[in-house]
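One chain, chain A, appears in both complexes that follow, with chain B as partner in the first and chain C in the second.
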Partner chain A sequence: MEGIALILIGFFALVAFFSANAGMQVRQGLNPLTGLPGALLPPLLVMMVFAVFHYLLRALKLRSEQILFPVVCLLLIVGLVMIWRLRGPEGIWQQILRGLFPGLLAAAFLVAQPVWIERIRRRAVPIGILGLGLLILTGIFGSVDETGARLALKIGPLPAIQTSEPLKLILIIFLAWFIARQSKAAESRTSILFGRLRLPALGHLFLGVLSAGLAALSLVLMSDYGAVLILGCISITMLYAGFETRTFLDIIAIGLIMSLVMGLVLSVTWKIPAVIQYRFQAYQNPWSQEMMMVDGRSTGVTIAEGPGYQVQQAIYAVIAGGISGSGLGFGSPNYVPLAHSDFILAAVVEELGAGIGVAVLFLFAVLLLRIFRPIFRLPPGRVFDRLLLVGIGIHLFTQVFVMAGGTLNLLPVTGVTVPFLSLGGTALLTNLVEVGLVLALIRRQEDTNDHV
Partner chain B sequence: MDWNLILFITKWATIGLFYAVLLLLLFGVYREMSQNPHKVTPVKPVPNGRLRVISAGDDGHLRQGSVLDISADNRLGADKDNDILLRDSYVSRRHARLRWDRANWWVEDLNSKNGTMVDRHRCTPGVPYPLTVGSILSIGDMSFELIDQDTGYADGASKTGCLTTGGRHSPDLDWVLCPGRLFFG
Partner chain C sequence: MFDRRVLHLARIAVVSLVLASVILVYWQTAHSAALNPFTIRPAINTQWSNSPGQAPAQADQEFIAGVSQALDLENQPAPVVQRTIDLLKRIRRGAIYDRNGRQLVVDRQGADGTWERFYNEPSLAHAVGYVSGLRIGVTGIERSYNTTLLGLDRPDAQIDQLLHRPIQGSDLILTIDTPTQRLADNALHGKQGAIVVLDEHNGAVLAMASSPRFDPNRIHEESYLHTLLAACDGTTPCQGALINRASQSAYSPGSTWKTVSLIAALDSGQVHPGTIFDFGAPVQGPNGPYYIYTVDGGVIPDPNHSERRLDLTMSYAKSANAAFAKIGDQMPADILLSYARKLGFGKPGEVSFPLEIEYTPSQIAWDTDSLYSNNLLRAATSIGQGEVLASPLNMGMVVLSVLNGGRMPIPYFVQSIREPSGRIVEATRQPGVENIMRPQTAQEVRDMMVATVTRGTGQKAAVPGLVVGGKTGTAQVGGDAAPHSWFVGFAESGGRGVVIAVVIENGGEGSQAAASIFSEIAQVAVGRLGEGAGLPPFIPGGTANP
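Let's turn to the complex of A and B:
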């Protein structure tokens, strides 16, 4: 199953890279075969690495999961084609060498040594402290990008690390550990208010405040709204999943408490940040000729020229693509700012078509279900493992949801990367480590089933 | 060479190959779902099930992990005339009744003082509640897992205990409705 899928993916990669290369050369009036070896080298290399990983999974007898890895491979190939198309060899080698290879290596290590999940669980506190340290270091020494966010940390000669990406995984691990530790003790401590509304126990309340505080802290330190959104979604979902809940009132209570804390922090430190103000104006009408307002004052730039531009171009790209797309190399996704990272879905839809765009979202849905599937099969008592799976699934889901919505102006734009597609070494590395954790959990569960 | 034609072919080949992989993967998911162990227990005229002790409370006569044989109709409680004698101090004298109706196991609380719980759901006294393989039955401080007589262990799918025999909703939906049971079931 996995093998056949990988062979098909290999053919897909070769055809896609060939047609992308030919299309780009034809457009410049050159012979379509120019530069073909350089274009075919990355897919061949990547497919070889996929094959090695596949044989590793077979050697480790991971029988029950044949879908997850091919889905990830297909998404990676789509992302690599688009990155090669948009950023040339430089971009694709950066993606492969800084994200794909180390990520698959880490995933392979985790699958081969599932014991490390247990070790990670036992070291959740140091890992959490490490994350907090990274956050503070980035907040102080991080480099500022064009939107004013501090995300990247550059240490010595090493390439810059997007610290906010591993931070999300660290939050998942820490919350999973904390809730799992609390769960046994906290079960009987829910207090009942007004007959229906069951307030969470104090430990949970504290946890909600803690994660809201963490998100607020990263907001203050990093000014990155995408990261805050994802951290918030992860913590609220994991708290919800970790509770012994029967009604949605509980989660509303947690949400209210968390927003209260966030609101308090923000009202002390800040007004509504300017970025959010004008992004929301652009969300209401990207083509509006009204002035962009910050704190009620005009900035002298119309919304259509300012923050609306990116959304307009993304929508134009989607329209230009149509159902079957312009063909690789024949579209103009370069008009969309950040088409190679945040807005890669717009580029995919323009050049490969809405047909493949929908299929990509479908693949993400399959991926999410495959990540959640082991939850039903784990023996009782593995609260940490279940919560880890929930957190990882929600992390991937939120990223796709926010960016798919942002590309079509169904949601206000928030800059997050699309997992497995966007250019970004650290983000890809983190996502592949998460896939490795899922596969390792499945392998460990298979082992215990055999020994029953 | 007519490059327009070749590029047209490669464009559609890209789309076709992508969909081929997608359909293959969906077929894999479908095949796996059709041989899924999430099935309603087939009707078996003979009672099929045993109770494994998960927590023995302060009953010194039972050991954690030991397995109790049960018949088609069992009365559970602290009194000596019960079929299954539970000596835990939180168990009432006539606590609960566990019976087999030729298809499913049902547990009925007999107005006990501390109640009977199935997968952490408190049973209303006098109302039978269905048990499946893998369900956790809590009586006083003691808890038991209903296990399959033939295989000796609860199958992985129903271990979450969300699969009720009523079949009102699928287990895949159940985690949305009662996520807590995923983790504590």
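Let's turn to the complex of A and C:
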């Protein structure tokens, strides 16, 4: 099943790269076959790596999950062909060498050695401290990108690392560990305080403060609101799933505390960051000819020229695509700022059409459900494993939804990468490690079932 | 509990992704028209005024604004502009040929593979128009046939677009006859004015010249535009080189408008060709005796003839103001207005025609209500003064209706469209205006126009061997300026003929300057009618660069 799917994906990859190459050459008035070997090398190489990974899964007798990996492969191919079309060989080799290969290697290692999940769980505290350290280091020494966000840490001659990406995984691991511990403790405690509020709710409060503080810290240090949004979503959903509360009172309490802490942080910096102010203005009407306002003062730039510009470009790219798309190489997705990373969905819809665009969203939905599936099979006692799956699933989903929403003006634009599609080595590496974790958990669960 | 909450989360996530898909489809379906290339420019609703006091700089400035804004393009979202230009630069816009197959306008490919427009016949700058730097139609035929020239109205071009093949626009074959056009252009050399030459049977435009003119190949150069507008500083009369004086002008038509009064009076039965007018005793003036017509205390002078009594035919032929002032005075305003409206004259902007070029509707008065109450105005209107303003094209159309027995064909330029496949499609013709007058009236008016050339004021317009008829006009423009010189008439031979309208600004008597130019052009134009219909050689594939 997985093998057949991979063969089909292989064909798809070759056709996609062939037509992308042909389209780009024809657009320049050249023979469509020009430069074909260079165009077919990346898909062939990547498909070989996929095949190796597939045989590894077979050798490890991972039988119950035949869909997750092919879906990831298909998304990777769509992403790679768009990156190749938008960024040429330089972009695609960066993506393959810095993200895809190391990511699959790490995933293979985790699947082969599922016991590492247990080791990770036991070292959750040092990992959490490491994450905090990374965050602080990036906040102080990180390089500032063109949007003013401090996201990348460059150490010596090594390529820059987008520290905010692994940080999300570290938060998932830490929260899973913490909630699992709290709920274990909850089983032994039955005393009720203040009527229906159970005692472990204090743990919620502590956690709420902690994660809100973490989010706010990264907000201040990194000016990375996409990361804040995703960290927030991960924290809330994991708390929601992990804690057995009888009432919504706890949730409300968490919400209140979190907003309080956020409010405190914002009042320390004394204002809502300018980026958030004008992104909301652009969200209300990207075409508006009114002036973009920061702190109630006009900036002299209209919303349409300023923050609305990328939303307009993304929407028009989507409109230009039509149902079948302009064809690879024939559209003008380069008008969309960051078409190769944050706004890659716009480029996909423009050149491959709404059909493929919807299919990509459908694939992400399938992916999410396949990641959630083992949750129902794992024994209820394995809270850490189950929470890990919730966190990973929600992480992937929020990334996709925030960017799809931003592209379609369904949500205010927040810069995050689209998993498996966007150009970005660290982000892809992180997402592939997450896939490795999911597959490793499935393998552990299979083993458990075998033994039982 | 845990399981149920994970199910909740999964449900929320899937619903969100479905929502995103729905929004995606929503943008594509509800807004898919947003990316269609623009086809139409702002209406350039300016006119050339004949009053020297008015500074037409305004009109030219608006015109220039129309150029720079190229169809409100500035108001469009940036992505629409970028993507429209992207598309248009890759389309080979159709060429334009005259009736003999001579290439007037062609697209040439630049070094970067994009197409640029080149105009071979600067004398047609006004009628053919030009495309803006963004390759979107701005004026003239380039504007009205923009979609055809871009090929976007052809299904096969849409398939090409789908398959990413280069799109080629359709060619236009005009009714213009280049030798006649050049003759008209030469006749206007050094003067300001306009000439229109129409086929008398169907209104096909054989020539349309306006002077001064501009070079459409240089219109995008800012310095060139500045030179064109140099005189338009508001102190000196503006050249108005960008205005098409043939169709966008608002000249006082002078006596040429008597044809309209004549049609109304004859067709309504108010007069007949034999009606005798007695002008009474002449008044002595510094230049000899002249007749007057007095109405409501106002005086309309009639210095055009020496006879005390004239019948209607000779009153028209000799352009007797007193006769036509009387006709107008006695005519009910309703009748005058109903004929005038059918012929294109109403309140400002009231009556227009489906023409292929920019057209400023003619007017009979600023406010038609005043024609009911003000007898003097109605009398002055009947001799073409008062508040009447007209373009040479409209005056030519009046003659067309006379020659076609009361039916006025709408003048047109595009006789056929040639698709890149070689298929030739007849252009859609606008239906003419029917039942303007009875055929008998038309015949009587025609005879009087001939009498004007044989026995009246238009004798200079005569051409040996041709039947020629027409009407002179000498439009007073006020002040010390010389009057505008008009001649509107027809010339025919053996069932073929042309209608020619000539106006020369400050050219003096209509019986002199304009009539001579008419004769000069008629001589050639009628002979040229047999020519043409030769189609340009078809270049397969459309890759040749002439």
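Just so we're on the same page, the second predicted complex is superposed on the first by the 431 of 452 C-alpha atoms of A that agree within 3 Å, B and C clash if a C-alpha of one lies under 4 Å from a C-alpha of the other, contacts with A are read in each partner's own complex, and residues count from 1 in each chain.
The rule is short, and it goes like this: a contact is a pair of C-beta atoms (placed from the backbone, for glycine too) under 8 Å apart; a residue touches a chain by one contact, two chains touch by 3 or more.
Note that this is a predicted model, so its numbers are computed, not measured.
Visitor: With the two structures laid over each other on chain A, which partner does A:L137 touch: chain B (first), chain C (second), both, or neither?
Guide: neither
Visitor: One more residue to check, A:L40. First (chain B), second (chain C), both or neither?
Guide: A:L40 sits against neither chain B nor chain C.
Visitor: Contact-wise, after the overlay, does A:I375 reach chain B, chain C, both or neither (first, second, both, neither)?
Guide: Both partners, chain B and chain C.
Visitor: Could you tell me if A:A112 is touching chain B, chain C, both of them or neither one (first, second, both, neither)?
Guide: neither
Visitor: Contacts for A:F362 in the overlay, against chain B (first) and chain C (second): which applies, first, second, both or neither?
Guide: It touches chain B and chain C both.
Visitor: Would you sort A:G242 into first (chain B), second (chain C), both or neither based on which partner it touches?
Guide: Both partners.
Visitor: Once the shared chain is lined up, is A:G23 touching chain B (first), chain C (second), both, or neither of them?
Guide: Once the two structures are laid over each other on A, A:G23 reaches both partners.
Visitor: Touch test for A:A152: chain B only (first), chain C only (second), both, or neither?
Guide: After superposition on chain A, A:A152 lies in contact with neither partner.
Visitor: Which partner does A:R386 reach: the first (chain B), the second (chain C), both, or neither?
Guide: Touch partners of A:R386: chain B and chain C.
Visitor: So which positions on chain A get touched by both chain B and chain C?
Guide: 23, 26, 240-242, 244, 327, 362, 369, 372, 375-376, 380, 383, 386
Visitor: Can you name the residues of chain B that touch chain A in the complex?
Guide: Listed in rising order, the residues are 3, 6-8, 10-15, 17-22, 24-26, 28-29, 32, 120, 136, 153, 156-157, 159-160, 171-172, 175, 178-180, 182-185.
Visitor: Note which residues of chain A are touching chain C in the complex, please.
Guide: Going through chain A, the ones touching chain C are 23, 26-27, 29, 237, 240-242, 244, 287, 304-305, 309, 312-313, 315-323, 326-327, 330, 332, 335, 349, 354, 357-358, 361-362, 364-365, 368-369, 372, 375-376, 380, 383, 386, 390, 393-394, 397, 400-401, 404-405, 408, 410.
Visitor: Report the residues of chain A in contact with chain B in the complex, numbered from low to high.
Guide: 1, 4-5, 8-9, 11-12, 15-16, 18-19, 22-23, 26, 32, 66-67, 70-71, 74, 78, 183, 187, 240-246, 324-325, 327-328, 352-353, 355-356, 359, 362-363, 366, 369, 372, 375-380, 383, 386-387, 449, 452
Visitor: State the interface residues of chain C toward chain A in the complex, per the touch definition above.
Guide: Residues 1-3, 5-6, 9-10, 13-14, 16-21, 23-25, 27-28, 31-32, 34-35, 77-80, 82-83, 86, 113, 164.
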